[in-house]
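Before anything else, here's the structure in question.
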Amino acid sequence: MKKIKIIIDSDLKDVFLIGMTINRLCSITPFSDSECYKIELCVVEAVNNSIIHAYQNEKGHEVEVTFSMDTRILTVDVCDTGRSMDPEILQSIHMPSFDPDSNDLEIPERGRGLAIIKEVMDHVSYKTIDGKNWLTMFREL
Amino acid sequence: MKKIKIIIDSDLKDVFLIGMTINRLCSITPFSDSECYKIELCVVEAVNNSIIHAYQNEKGHEVEVTFSMDTRILTVDVCDTGRSMDPEILQSIHMPSFDPDSNDLEIPERGRGLAIIKEVMDHVSYKTIDGKNWLTMFREL
Amino acid sequence: MEISEQKIDNKTILSLKGRLDASSAKELKDKVSDLAKEGNTFLVVDMGHADFIDSSGLGSLVSCLRSVSRLGGDIRICSLKDSVRAVFELTRLHLIFEIFDNSDDALKSI
Amino acid sequence: MEISEQKIDNKTILSLKGRLDASSAKELKDKVSDLAKEGNTFLVVDMGHADFIDSSGLGSLVSCLRSVSRLGGDIRICSLKDSVRAVFELTRLHLIFEIFDNSDDALKSI
């Protein structure tokens, strides 16, 4: 089991540091470069959500990402201490759909973050314990 | 100011995760690849020292590395909560010297970690506050 | 992210460099809204040097498309890196944007 | 780190792959001490696939040199990557080890 924790301040300007780090750490997995990129994307989406939704874009809070890998599974936890999400949202969310021929003005601008995570990862869960919110993503190796 | 904190358990087997991460983060500095490698080396030496000397190779403790960069300086802190070092050691240490023509048996096997850090970095300091030991390395950009 | 701008006839090429993410999405939206205000509504977004995009980055492109569409303009996208193209496909947005291999083809099409 | 072994006449080539660091240093020392016990004291350490070395890794090489020297043997090192060579130079240990560009030259010299 290999495990490393990464912490940044709740500032969107620093999220790329987590992205770069996760991408590099993924090189110890058997995943291809393009899969590593998608895992980086999922972690960036989750960290963005913690900053934008849980901390309402307020700086000065911590977002903690734990990357751990055993022989079979890669697990990434994203933890914040901000406003909790209703775990139902995670269950019900799906990629925004649209008619490709429809008017451009009807295409939604947001709401793709969790759907991307659900599509790329094998399993995603969300829980709140003692004021800490954990989004946990699993991916089989 | 860009800042990210990285934490591993006090297990020598996990130090490479910090090495890889620091190396990748160094790519946001103006340093060349070979300088980034040397900075990775310094951080690995400092983390090894925390595990070997401060924690006496005992697992289950945390080593915390903080990478921060402003417009002029890269700062890396390595923090442990184990046995403190006499800060005098850091002042007095220098690269083990030897006569290249002497008997191989006289060449010291250890004692190069802090000397490497002092040689690569522009400034290094060590302090203990409230049971936390901080080795801080600075390098001008 | 860096945005650089080039005008060719009544069309504008915006070249993006770096990461189009939640921290830079607004920059692109502001840029396009400024251009639209000056009457520049036919845009090519050259992403040849954009190495990362997230859902906020995609959202900013959707928003840009809307603001120029509303004024009768349009957007073409070109030179996507494979990793970035994969995110368009993941979100099905490659069905909305017309995507070209290079900026010449994109310019000709608009 | 991975160590692979190849015997040529009375000489042994050890090829290292990965990181020769505090967590793998003992592995190399054990390997060389086993070889020495069997009378194999003329060694070439091929580091062409070693991408990282720290002071513990260097210490293990010094320790290996000592154990074979004591028995009249010797060690040659070859194929250092630039980044690894830089650490030998930083610690002046390039003055102690004979370092070759490739394993053929190293073998011939020993």
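To keep things simple, chains are lettered A, B, C and D as they appear, and every chain counts its residues starting from 1.
Everything below uses one rule, namely that contacts are C-beta pairs under 8 Å (C-beta built on N, C-alpha and C of every residue); 3 or more make two chains touch, one makes a residue touch a chain.
Treat the numbers as computed from the prediction; the structure is a model and nothing was measured.
Touch-path distance (fewest steps) from subunit A to subunit D is 2. Any chain that touches subunit B and also touches subunit C is listed here: A. Most remote from subunit B, judged by the distance between CA-atom centroids, is C. Taking the mean of the C-alpha atoms as each chain's centre, subunit A and subunit C sit 24 Å apart.
Our note on geometry: subunit C versus subunit D, Cα centroid distance of 53 Å, whole angstroms. Inter-chain centre distance (subunit A to subunit B, centres taken as mean C-alpha positions): 31 Å. Residue positions of subunit B touching 2 or more other chains, listed in rising order: 13. Counting only residues that touch two or more partner chains, subunit C has none. Pairwise chain contacts present here: A-B, A-C, B-D [touch as defined]. Those residues of subunit B that touch subunit A in the complex are listed here as 2-9, 13-14, 17-18, 20-21, 23-25, 27-28. Interface residues of subunit A, counted against subunit C in their complex, comprise 12-13, 15-16, 19, 33-34, 37-38, 40-41, 44-45, 48, 51-52, 95-98, 100, 103-105, 107-110, 112-113, 115-116, 119-120. Per the touch definition, subunit C reaches subunit A in the complex via residues 19, 21-23, 52, 54-56, 58-60, 62-63, 65-66, 69-70, 82-83, 86-87, 90-93, 95-96.
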